[in-house]
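Here subunit A shows up in two complexes: once beside subunit B, once beside subunit C.
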Partner chain A sequence: MASHGVARVSGPNASVRSEELRQKELKQIAAYKDLVDLVNTKETQYTVEVLGLTTKLLNENPEYYTIWNHRRRILLTLLPTGLVQDSPPPKPDPAALDIVNGDLQLTFALLRKFPKCYWIWNHRNWILEKGQSIFDSASALTLWLGELQLVGKMLHSDSRNFHAWSYRRFVVARLELIRTRTPTQQSLTESEFEYTTKMIKSNLSNFSAWHNRSQLIPRLLEERVADSAARRKVLNDELALICTAINTDPFDQSIWFYHQYLMSTLSPQCAPQKMIVRDLSNLDRQKYYAHEMEYIREILDDETECKWIYEALLCCASCYLEVDGGTEAFTTLDMREWLRELKRLDPLRKGRWEDLGRRLDI
Partner chain B sequence: METLDGTEWDLLIVGTGLPQSLLALALSRSGKKILHIDQNDYYGGPEAAFSLQEVEEWGKGLADDPSSAPFSSISITKPEQVDPDEGPSLSFSRAYSLALCPQLIYARSTLLQHLVSSKVYRQLEFLAVGSFWVYSLGADETAGSPEALTPVGGRLLRVPNGREDVFQDQVLDFKAKRALMKFLRFIADYEEQPEVWEDHRNKPFPSFLTEQFKIPASLHAPLLALTLSPAVPAQTTTDHALPRIARHLRSIGFFGAGFGSVIPKWGGMSEITQVACRASAVGGGVYVLGKGLSTTLDGSINLDHQEGETPIYKVRLKDGELITTGQIVGDPSHPRLEDPAYCRSITVVSSTLDPLFPPIAEDAPSPACAVVIFPSGTLKLDTADGEAKVPPVYISVHNSDAGECPAGQSVLYASIALKGTAGFQYLKKSVEALLLSLDVTPSPTTLLSVQYEQQSRPSMQLLASETDEPTNNSSSSSMDLAFDDSVLDQVKGLWQEIMGEDAGKFLVFEDREANMTEDDE
Partner chain C sequence: MSLVSGPGRAGMADTPVELQLFVDKHVRYIQSLDTRKDELEYWLTEHLRLNGLYWGITALHLLGQPDALPRQGIIDFLLSCLHGNGGFGAAPGHDAHMLYTVSAVQILATLDAFDEFEERIKGGRKRIGQYIADLQDRETGTFAGDEWGERDTRFLYGALNALSLMGLLHLVDVEKAVEHVHSCANFDGGYGTRPGSESHAGQVFTCVGALTIAGRLDLVDQAKLGAWLSERQLKNGGLNGRPEKKEDVCYSWWVMSSLAMLNKLHWIDGEKLTAFILQCQDPEGGGLADRPGDMVDVFHTVFGIAGLSLLKYPGLQEVDPVYCMPRAVTKRCLGK
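What follows is the complex of A and B.
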């Protein structure tokens, strides 16, 4: 299994340390502490000099989020005030540009070393939003397209970094906002959807890719102005896709998460804006549930040690019962057996399964 | 040049095939006085690569003197051209570098690591091996009646490299996908699950697949293909198959997404032999081509005297020169009866055969090699009966990126663990079937076909050593489709014997001084 064994870059190894190394480290710690003290005593000084000190400190420890807050206060002081949000300035202020670019560079350099630090992503977010009002729409577009490229590169090196996926959504939203002002630009939803397909094909176990897909589908359908038939097609295609994935690797949890999402869109309790097909009859629902349960049960012929299968069967069964209380597709005895297997395969969660049993009344 | 007669050496190495060349490389910093000879007037021995002219000379040379070479029954065919000015034709001789040993090297093979640590990697270029294909007859749903005697035509099915390939495969049904995935999960750490396969160790691999994984016979072909086993399925043991499949699957992604092995550019393993010999020469080794051991009846190697504990041998060379040396390394001159023989062929065709080389993955290098396997029983000769006993045919296809032929052409290296006319006929049939199964326009024409038989030989060893028994009994493995690391183990073993106590690290060198004139190209 790849990717998630990547260790965070931290200080020197704690394994075998000579006295020399230890002394060196103590000196480093002392220097760091001095720097922290210095920055904190100058807390109320919003000057370029203190900005430089925070840069130094953050380069050593980007996780110290208080310092990022402090930095932002300094930047707010240094950045030109009184910019009206929606109207571009008469001309870009070079000093402001410098500041924004400087922080973009800082966060970029830090992201390469610490791709999963919340505070770095957050700050980059912040600086771009603040910078929005500084740039005119043409350079803003270039900036955001650049961000899309950056996040694409980060996802290329670690396709499962959820920070990057979340940032991607943020960037796409910004680009769409710019687009509404310049209608000639194309919507990104289709290409983003394609992007999730591509990521899944290269690695099925990509929680974030599946999640992003689920976020995009309602928008996709809206933009396509999909009628009932088109919506059903999308639903059927997604169910077929996940069916193939489940049949390929029933042990992968991310696939089951997406399956659960699809099941949730079938439920009568699903919020209208999240529905894929808007005109499902209970008969339709029964057919879908029956089909899902059928092929999942088939997998049990070859694979009896996979807990996700039993969990999914119980989940589908309870959905089925909601729309057809008297179904004969399965019996209470079946459900009890699945619950038993679930307890056997995942004994550490016994309490949870017993709870489930009580809820399902079996 | 001065005569070798009367010269004194620490070590004589006979033959510049891959094992001997790697040994020379390993010894290139040892300071030993090494004489390295080869009876051919080219480097590489059974791993050499030839231009068109060299192929012809090789054919003629072996016809004139069939003696101890592992090759025999060479035939070279150049189909007549209808109109020499129209249509594709062979390019000039040096545009080709046809490999006698077109092996692929798995990413996790220690050979690559050693080429790096010995610093010779800079003189070598490697290209990615892409897809593996299995020729399948199948019941062709669209055509033919069940009673047709000859199937309409086979098609090539790509062998999945892992989960995502299985996911995207359009041919396998769900049950097949699940069974295959179950096996792939097992093979990922099969060493930790001996209870699953211990009892099947020496039993045929197909029965292991059916019994332990419920994989139907129709699905055995891709897994057997990954073993690269030259034997028929019934004789491929589980013990033999599992490590090889694991080697293949564990190598995928090691250098980059989607591929797991590489081929050297410019002519298979010959490049490695040349680079190794060059390094040895830089270290003081003396090279003489066109010089072999004497074949006179009184024997070429004789113990001369002892210098303390070290025996000194007198060796007579082909033209009568007498040299003395402390040790001699070479191939034993006579193949054993039990060493298998293979039929092999090299075919140059006038097409890039693009369908065989789909892109590997985004950002992955372009593939230069594709492997096509014809499982036992998929090729039928009119005269043959009991086709299930026919061994599989392996074809390694190299496109022009490999530097072995000009642009617009490809080289097909085929082999089968069978000798004689039947072997050659199966090879011919496999090449025809392969070209027919591809949708390429204009249809590819054969520009050149070289066929030969190759005898497997016992591997290199210390000759005339103290004990009468050979130091090891294994066969040379230039017949394998993939480089086998055991070759390196043999080289290391000999190197340790030769170097004794102050051996140091095997194939680990520092860069020489910067004023050495080694080109990087």
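What follows is the complex of A and C.
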């Protein structure tokens, strides 16, 4: 009822199935409906047998959310009553371990086939939460470390899957929570930051990775107890990274959004907890803006047809004007010229550029 | 190929073929949806039945054919999906969930059937409201989809949508809900499924919609979000949902409705988008697909048509960008 990317068959015979195919489909329907009826008549039977039937049905239709609910009701009877998290059991119950592993395998196999199905991700979350409450900390840690590996695999096959990215943040939070009870290092911020670097380096267009990076930076600085010099180094390194990225592909919008993010952290209006450098003077700001404008203008020498360059120049210029009205780094004439280029190169968004001209009063 | 122009579209005879909306074909396509019981797909998508009905009915109303499906049959079907706790399942025998409960309320509103519903189920409206309200996490303001606890800004929006249509917003902590939405805002001005999640046009629609219902659009970084949304338009005129992704007709709705709520529809090229949406029609069997040449479905059909309505395509009823329902209906329910 909501198909994506499936080609339409057209022509005179498009909607006419051969009688053979029709009969085959009718048989499939009958078998499917029989299975659905069988599961539904056993709705109140919380047994291993019915659990097996739900497995069969969910393999045929993982979108059938009621069956996932039914499965959870069965699991709740089969699993030992959850213990409070503060006092994990001394030893995991082998039968419980089997059940949890069974559901992890089921959802893993289904996610390989249906990586965007909300219900499967949701069930995996649920079974892990259950597992966490009935396992000792060592088994729980193994469980969640396995999840980190799994989500790595998922992102390897589709580096933009937002379910997988969301799940990754969730797994990391869980692992960090467990590690607060162990003498090992607690936070995964540094390794997750490294992970985004790795993802970006293999594909600059990965906006999901850039986004996660922007989420990690404030935590990274906090955890490093970074002083002003350390914070300036992080900012400069990020600007250098994005500068290289822009040089590689100035037409990629993911890169420019991250550039905008870095610029927004410079602004006096930026919330203090989101600032990368907290003690910027207006003179510092001017230097940063001027430096950005300088290298972006250099790219302009080779790349006159890229609208993102003009947009970034106007953005930096308007930031600059907020901290210093009487700049010599550029003129109103320059700004008018950039706006004219924007309108020429990007007629789709003409209305936006007209509004921008009015806002900047140029 | 038949080039029938739809009702109420006088003067369309001069419209070039590629700019025609095949109204009659779409109406017949939607009417045919419940007759496809000899297709496995019909049974595999039973978990979407109530959503599908909302999509179909909304499309028909926007096409100016509100009576193309039998009203009584629809209301009877809705009641067969209602649970004792006030929630609706996707179809009879399916568990109650926020997603279907919202669709049910939207259908009742569109059919102007709240009084009739109340006659058949005493205190029914209040019970639905309570079901929704009980799914709010009073600590964080967010909403779960059902008793199993998945949380997502889609459910929060759905809750505010349905409750406001029934005049029952006071059952929940709107201020906390607003705080939660605000905590999902990203540096690009957009919103994700939960705090920390990447901006996604579908989620932007739910968050901006929720804030609009709550009267708190002042919390949105409108210039940034408008810019991000306008960059969803690709050279072929279609819109994508995130940077560097492919275009898809359903984003015509998620992106454009958000731009409309921010009063920035003019930040994209409407003519090119109109042409793109129209190319996604199946001119023979009716219905719209995600992209030209793909299989149609009722989900893309309604969001394509609703998109065309926002683009003021001639002959279509006006759509409300906040609710994805006919504006005349939301005016009646909200009194504004």
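Following the convention adopted for this analysis, the second predicted complex is superposed on the first by the 249 of 362 C-alpha atoms of A that agree within 3 Å, B and C clash if a C-alpha of one lies under 4 Å from a C-alpha of the other, contacts with A are read in each partner's own complex, and residues count from 1 in each chain.
Please note the rule applied: a contact is a pair of C-beta atoms (placed from the backbone, for glycine too) under 8 Å apart; a residue touches a chain by one contact, two chains touch by 3 or more.
The structure presented is a predicted model; accordingly, all values stated were derived computationally and were not measured.
Chemist: Should A:Ser318 be classified as contacting the first partner (subunit B), the second (subunit C), both, or neither?
Modeler: neither
Chemist: Pick one for A:Ile299: touches subunit B only (first), subunit C only (second), both, or neither.
Modeler: first
Chemist: Quick one: classify A:Ala245 as touching subunit B (first), subunit C (second), both or neither.
Modeler: A:Ala245 sits against subunit B, while subunit C stays out of touch.
Chemist: Which partner does A:Thr55 contact after superposing on A: first (subunit B), second (subunit C), both, neither?
Modeler: Neither subunit B nor subunit C is touched by A:Thr55.
Chemist: Contacts for A:Lys201 in the overlay, against subunit B (first) and subunit C (second): which applies, first, second, both or neither?
Modeler: Only subunit B is touched by A:Lys201; subunit C is not.
Chemist: Give the label of whichever partner, subunit B or subunit C, reaches more residues of subunit A.
Modeler: Greater contact footprint in residues on subunit A: C.
Chemist: Kindly list the residues of subunit A that each of subunit B and subunit C touches, one partner per complex.
Modeler: Comparing the two interfaces on subunit A, one with subunit B and one with subunit C, the shared residues are 2.
Chemist: If we count contacts the way the header does, which residues on subunit A are in touch with subunit B in the complex?
Modeler: Against subunit B, subunit A makes touches at 2, 156, 201-204, 244-245, 247-251, 295, 298-299, 302-303.
Chemist: Give every residue of subunit A touching subunit C within the complex, in rising order.
Modeler: 1-8, 10, 14-15, 22, 25-26, 28-29, 32-33, 36, 40, 60-61, 63-66, 69, 72, 118, 122, 125-126, 160, 162, 165-166, 169, 205, 207-208, 211-212, 214-215, 252-254, 257, 260-261, 264, 274, 347-352, 355, 359
Chemist: Which of the residues in subunit B come into contact with subunit A in the complex?
Modeler: The touching residues are 163-164, 166-168, 174-175, 177-179, 181-182, 185, 214, 253, 257, 361-363.
Chemist: Once bound in the complex, which stretches of subunit C touch subunit A?
Modeler: Where subunit C meets subunit A, its residues are 38-41, 43-48, 51-52, 89-90, 93-95, 97, 146, 148-150, 186-188, 192-194, 196-200, 223, 226-228, 230-231, 233, 235, 237, 242-245, 248, 264, 266-269, 272, 282, 284-285, 289-291, 293-300.
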